[in-house]
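Order of writing sets the labels: A, B, C, D, E and F. Residues in every chain begin at 1.
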Amino acid sequence: MTIAFFGEVMLRLSPPGRELLLQTPKLEVIVGGAEANVATGLACLGHATRMISAVADNPLGGAVIGELRRRGVDTSRVASEEGRLGLYFLTPGAGLRASEVVYDRAHSVFATRPADSWDWEVLLEGATRLHLSGITPALGHNTAEAAIAAAEAASVKGIPISFDGNYRAKLWEAWDSDPRAVLTRLIGHADVLFGNHRDVSLLLGKPFSGDGSDRRREAAEAAFAHFPKLQTIASTARHVDDADSHRVSARVDTRGGAHQTDEILIAGIVDRIGAGDAFAAGVLHGLIESDGDARAAAKSGLALTALKHSLPGDASLFTRADLAAFEGGGLDVRR
Amino acid sequence: MTIAFFGEVMLRLSPPGRELLLQTPKLEVIVGGAEANVATGLACLGHATRMISAVADNPLGGAVIGELRRRGVDTSRVASEEGRLGLYFLTPGAGLRASEVVYDRAHSVFATRPADSWDWEVLLEGATRLHLSGITPALGHNTAEAAIAAAEAASVKGIPISFDGNYRAKLWEAWDSDPRAVLTRLIGHADVLFGNHRDVSLLLGKPFSGDGSDRRREAAEAAFAHFPKLQTIASTARHVDDADSHRVSARVDTRGGAHQTDEILIAGIVDRIGAGDAFAAGVLHGLIESDGDARAAAKSGLALTALKHSLPGDASLFTRADLAAFEGGGLDVRR
Amino acid sequence: MTIAFFGEVMLRLSPPGRELLLQTPKLEVIVGGAEANVATGLACLGHATRMISAVADNPLGGAVIGELRRRGVDTSRVASEEGRLGLYFLTPGAGLRASEVVYDRAHSVFATRPADSWDWEVLLEGATRLHLSGITPALGHNTAEAAIAAAEAASVKGIPISFDGNYRAKLWEAWDSDPRAVLTRLIGHADVLFGNHRDVSLLLGKPFSGDGSDRRREAAEAAFAHFPKLQTIASTARHVDDADSHRVSARVDTRGGAHQTDEILIAGIVDRIGAGDAFAAGVLHGLIESDGDARAAAKSGLALTALKHSLPGDASLFTRADLAAFEGGGLDVRR
Amino acid sequence: MTIAFFGEVMLRLSPPGRELLLQTPKLEVIVGGAEANVATGLACLGHATRMISAVADNPLGGAVIGELRRRGVDTSRVASEEGRLGLYFLTPGAGLRASEVVYDRAHSVFATRPADSWDWEVLLEGATRLHLSGITPALGHNTAEAAIAAAEAASVKGIPISFDGNYRAKLWEAWDSDPRAVLTRLIGHADVLFGNHRDVSLLLGKPFSGDGSDRRREAAEAAFAHFPKLQTIASTARHVDDADSHRVSARVDTRGGAHQTDEILIAGIVDRIGAGDAFAAGVLHGLIESDGDARAAAKSGLALTALKHSLPGDASLFTRADLAAFEGGGLDVRR
Amino acid sequence: MTIAFFGEVMLRLSPPGRELLLQTPKLEVIVGGAEANVATGLACLGHATRMISAVADNPLGGAVIGELRRRGVDTSRVASEEGRLGLYFLTPGAGLRASEVVYDRAHSVFATRPADSWDWEVLLEGATRLHLSGITPALGHNTAEAAIAAAEAASVKGIPISFDGNYRAKLWEAWDSDPRAVLTRLIGHADVLFGNHRDVSLLLGKPFSGDGSDRRREAAEAAFAHFPKLQTIASTARHVDDADSHRVSARVDTRGGAHQTDEILIAGIVDRIGAGDAFAAGVLHGLIESDGDARAAAKSGLALTALKHSLPGDASLFTRADLAAFEGGGLDVRR
Amino acid sequence: MTIAFFGEVMLRLSPPGRELLLQTPKLEVIVGGAEANVATGLACLGHATRMISAVADNPLGGAVIGELRRRGVDTSRVASEEGRLGLYFLTPGAGLRASEVVYDRAHSVFATRPADSWDWEVLLEGATRLHLSGITPALGHNTAEAAIAAAEAASVKGIPISFDGNYRAKLWEAWDSDPRAVLTRLIGHADVLFGNHRDVSLLLGKPFSGDGSDRRREAAEAAFAHFPKLQTIASTARHVDDADSHRVSARVDTRGGAHQTDEILIAGIVDRIGAGDAFAAGVLHGLIESDGDARAAAKSGLALTALKHSLPGDASLFTRADLAAFEGGGLDVRR
């Protein structure tokens, strides 16, 4: 069993501690990218994962490949080509100051690679699932076409597809895009969707006016109606008290019903980036382990996203033992 | 328009993270000083600011000048002379341990410079405001006289003066001082005063017994009565839950009325030093932008002091965009 | 007056910030060990303390001795011998992720030293108290016998003994041990015991079913009944909200009565390791200074453990001035 | 007197110590760019300098401006515009491993700015010299045209121009360029040229076959013949023993003669980047101070480049006092 | 083609910069071990390599596996088991102070694993070469037997064996060992031996009295005579001027002749540890690429060991491009 | 046997790596002071040493005491008093850039303490040697008088005195001093003098015109003639090639003869500060161990100063084992 991920992998550069970007002349480097984060999260939980991507054939690209490999992700389908690697600069927030991201990802090897340069026969060989996110098609014509080609190739081969909405308006607005058309086409192939009522509203072009979980169920049912392949919709609800303290609950809808967790307080946040990707990894893990149970998926999704907030970096690095300890254990020192 | 600031600029040395001073043999260095912090805060908001000071003609003094210049403060009126630069050592607190400051500022170039060595004609040339604080006159005879000379020279030229109380009993007690006389003389020239009812009590020699905002208004009115030039009094009220979590509200009194903000919770404090200076910068910014509106001043004062708590260092480095985001935006990651 | 401590001193290695162990290739090093932490805590409060231990005769052992000496602990009774130094790796927790300890202490010089190689005549010379903990006898036959020999030698000389339960099931389970027998024998010599109702249950082999302080008093009285030398039992109750936020109260039982403090909130925890050792140091300090008063002991125990949470490292480094400031002062910056 | 510099300013990112790039996940950040380095070097020697450039309107561009300002360079003519800032990654060499640069400067705000967006009336206002380098025109059509426009505007205004060859074949080869035509046109306006016989060969399209200083003189005379405005040609000769140890001599040719220094050994090299820019700054300083004397120029050029090798970063930060100490003093500790 | 390596992988802990061990409380961590270093060196040159080892099933062992994987070494045959991971502490030398290693590797999972727990059928499956070193059999009975079993299993399968002498007297002396017997048995299976005349003396029990290359040839011929399978002997000669500056030459003997390189000066040494392992990797690379040519092997062995001295860490991380640049390029900055 | 040292202990603050002071905002902290360095050097060699000094009663003074204690120096005679601790800022040189010291030691607790506040009965109790340096009397009237009082008290008690010239013209010139008179008076009590012919010239007011060792012997004999108590004069000769590479020889003169070592090359210098103090410690060690042999003293003096150059910090931290290894061992890795 091998889960394949298609998406851009980047380097994140951020200042030490809670400094502003370049307040002092040091940067800390993390490998990131929505799909790679999910791949890493699942690899650390013991799943076979494969990254499909392209990086610069220089030490930056080499570092990306090395880091994924270190975490157990198969990188044999990551192309190394002349060009630049996408970067992003993160200034972590604190207290009443929000975190800020400055992207420097345009013109990257991944974004500029022609759609037809991806050979899906080879890339998807032996894959038992393909995971995509809404970021890849938002990067431009090349990647939008490539994402659709990937989804279609997987569909033809009977490989199930999970799709994480990750709607980034700024990226779509930067070119002559039709996000609704592209996303609808992609999600048409998916059996698992990560997204909430706002994502569904955008896709179906209609608002959901209810309250709380009613609204979420209504949206889920509309999505199930619109996308016949879709079996599972997973989402979190997040209340941001300040940059260091959030309250989060998880919800998984299936055609047969839904499971919504209690809201938990996540205080003392170390790094909030990638919390959504950790949720996706946790949900996929729960679905795989439980054979599709909504409750199990919501529970392990919430656990992994909660743990991710405690960890510097974009990706969850937690093991099954960590998940078990989260469920069972107290929070005092473990010896 | 150029706001001039007269005061000592020092280096702050502090241990990494939450260590005690010299627990490990590393120090982090920050440029600080009450007036320089306000100058920096306003420069980062786009105001023309000028520092009037004196530093050691060695790499320490050079670092002070370089840092102010980096932030956009005009340093052409900072003298570089033989002698020592004032230092202070900060051990940042955490939880139930309070932050502690050890001063090593005696005998500095600034403190020992004769009062008549400051040529106010040149130093105040073109200035449209002069900002002073209660620290400068507290350092000794030289600086007390110099502060008075500065205020008088500004008054003669019709340059409005803002004055930040910053009462430091230990400094006044270290020499044969008469703080009330000196401060009264200085505040007599000011149109803006940063201080609360306790500062006014000290100045007028009488207590204000009321409660909360009544007491504050009573004190403000007494100050307005005593100091005919005074138009605006700004202050914060701070409740310290622990070293990492404070609750703060802001208040601005004018002769015509007052505006008091709600109290906000500032948790996850990164660096509380300079929060008062950031408040002063925010209030001055609000007064300038709104042409003297109490509400605008209180609001931007509170915003800048709140943001300052999230930032390592003594001075606010926030821009107008940061202020706008504070008002308008949520606290989740901004991409 | 010299308080002697017998126990293993180790190096703790931990990752920077809130990283996982070896997430990046840096380790920070701290000298630790339950008894050494109490010795250091008391030395920083001005008490004469002496460590009785054995370390490797290499730079690691040298660093241990140097660090104790730096803090004022007499190390003239720490043997330097061929072998290895015990290590432990701490991954500090954050938020909803608990701290984790990986021990690498087996085969250490201390643990493998024959029981009869400790010459208690020399080692206890001039000592006015001996402090032991439940960790030393848990390490194996050698140290169990050595701890008993130490307690017996001290008893013969009329040196009072304090004993900190520190029950570590994993250590006892690693060899053919009889913890109840060993601990009962040791505590039979003690006048001060650090432990709660669970420790007493274990010792006496019976549960205490009451609630809160009733149960604690019941257990204390049972212990006093069982151990005729015992005069004081001190313990904390800790509620762990998350890795960064605990609520703690202290209790000291004497034969005549008990004092229980209010629960205090310890948020923004910097380093929870050694909090129990700091409590022991604070209680011993309070007992010494007050000549055995339960209230004074509970108060200074709670103060020192509260402060310890704010400090990186295993040991309390606080002075009497710090304790006084904790009692008297506010939590805003002290200048 | 104000020396204007036109060129791109970038951030350099490099690993700590002698590590390979991203061997560990830390980067150190330095502001660099050939012309900015010369501007900084001269500003630290007390000359008024002005940067003419364009940077991204984000914290990276802000850091560039702040750093130049910190060093005393006038940044009022640096535009802040939407887009990306040029970066480069340096892996410092060691021993028998050469330093390596990976550029990530394509698509930068500076490189993509239309040539006609630079208003040379405003940008050159009050300038008494314009310094250009061969890097700017090598970046593409926009900057090649802008450099020519700058040179022509300066010529019309009678502002003397210095030009540093800095021939970078890779940059010229990346577009449909005619480096010889462009450089000839630019150097036609210059009175000072930094370059050796190889640069002149390239410009004039003919080899110089002699040996050592004969060849250099022959090339200089050919350049003087070809470029009637040219008065001074400065160059270094460098022998690289290994990455840490070079031998360097300096030479300045004028129409009337030449001065060549002895070769000096520069061992224990800390950072070789920017050594050529420091040489240019030293030569210009020498020319200004001596009113055009070849010997003085060669001497201070050699001194500043020698000192630069001892300093981390791209730019010389040395003062006149440092230059004087280099000439006069020994190399043992100065107290 | 897959080269298998059998040996212990450890963590190396060393102080920052040129400090003594624990002079300040920081350690830098590197993955090391003679065989793993050769595996990593060859993996970075593009060869398929596989590590056969056992590590602790804790974050330390996990870090070892992750690092090998990051560099491209197949770790699917590294067992993760309860126990401790071998450590060593390196204090890097400087000038006239030699580097020092303190081992803490006793009782490791690898050293204590029973010889019969290694299943050579599985471990050597598909391997085309097995590389061993003299360290593994020196660790004790378990590993000596395991090494012999590995060599015998490989021989039976026709897998050629390379053996790096790496004679460590202290390790052999720590148990009732017969190094000559064990090593002779192992080398009897090898076609490639890394070792000089001193190693051969030890094996054959006779001195070689000649001078320089004569003595080396004499020893090589004696070894070829004694070990009929042996085809290639590779060694370096090293002269240590001080801790930072060595002179090294390489030599490869075959039955048909020998190639000896010139001595090169390696100054400014960054990290000398693993230089021998890098030599072995370079020689194996040269042998593979040239189909056994002594000159090619000596040349790439010398190049890789020279480069290794410039790199922090135990293993060569250089690529074919780096090797090519070493041969062809100068040592000034490469852009 | 206890060697007492009287002198100021300071903190040294220096930038990381080879940066200029405050090039980035970090400082590394070292405890220093000529006499304390000798005390530390001898303590690390196993000699009982005692510091007599005064420090600030704040965390800076506490750090000084802690560091001396860590190294085994008895600090029970170091007074802790209100005031400031002397500081100095070191910018380490590199290549052709010399190291620079900026002192900030004026007004320190030590320098301003009245001469009669030192109770030499108590301070010298049990001392078997007193070590002084020329820095203490150069600090001002107070310390000059105190140094003389110390020397006289020691003389009266029959405690031999060693004196290290350490002539610092800038310190003497800062007040109305008569260095020759003071130093002559002090050296009149000494049996061991550290100083060369230039020091003797200064003391005796006459030049020594000879060459090399002749001149040195002539000066030594003049000193022996002038100072009847003097038995040993020790000095080094240092040739500075660049900041990283010096050549040093040692010489010890007695009344009966002299021993001069060969010159050794000390390249790759890590930290040259305190090299003279390490020499003094090595010579005193050699004199003590050999009962006054010039050759032994010169040899161990040269060894300790050579080793010191390899070590960050002001003081030698080397042990007898390190000295033995220096004599006997090679310079390749010691395992």
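The working rule: a contact is a pair of C-beta atoms (placed from the backbone, for glycine too) under 8 Å apart; a residue touches a chain by one contact, two chains touch by 3 or more.
This is a predicted model, so every value here is computed, not measured.
K.L.:
Report which of B-E and C-F is connected by more C-beta pairs in contact.
P.N.:
Top pair by contacting C-beta pairs is C-F.
K.L.:
Any idea what the CA-fit rotation angle from chain A to chain F is, to the nearest 5 degrees?
P.N.:
Rounded to 5 degrees, the superposing rotation is 180 degrees.
K.L.:
Report back the single chain whose CA centre is most distant from the CA centre of chain F.
P.N.:
Centroid comparison gives A as the farthest chain from chain F.
K.L.:
Can you name the chain that lies farthest from chain E, using the mean of each chain's Cα atoms as its centre?
P.N.:
Measuring from the centre of chain E, the most distant chain centre belongs to B.
K.L.:
Give a one-word verdict, same or different, on whether chain A and chain C use largely identical residue numbers at their interface, taking over half shared as same.
P.N.:
Result for this pair: different.
K.L.:
What whole-number Å value describes the gap between the mean CA coordinates of chain C and chain E?
P.N.:
So the centroids are 45 Å from each other.
K.L.:
Going through chain A residue by residue, note those that touch at least 2 other chains and give them in order.
P.N.:
17, 20, 25, 268 - these are the residues of chain A that touch more than one other chain.
K.L.:
Considering the complex alone, what residue numbers of chain A touch chain C?
P.N.:
Touch residues, chain A against chain C: 17, 264-270, 306-307, 309-313, 317, 322, 325-326, 329-335.
K.L.:
For chain D, which residues are in contact with chain A within the complex?
P.N.:
13, 20-22, 25-30, 58-60, 62-63, 84-85, 87, 89, 91, 102, 104, 106-107
K.L.:
Tell me, which parts of chain B touch chain D in their complex?
P.N.:
66-67, 69-72
K.L.:
Residues of chain E touching chain F in their complex?
P.N.:
Its residues touching chain F are 17-20, 23, 93-101, 103, 168, 170, 238, 240-246, 268, 272-273.
K.L.:
Where on chain B is chain E touching in the complex?
P.N.:
My answer: residues 24-25.
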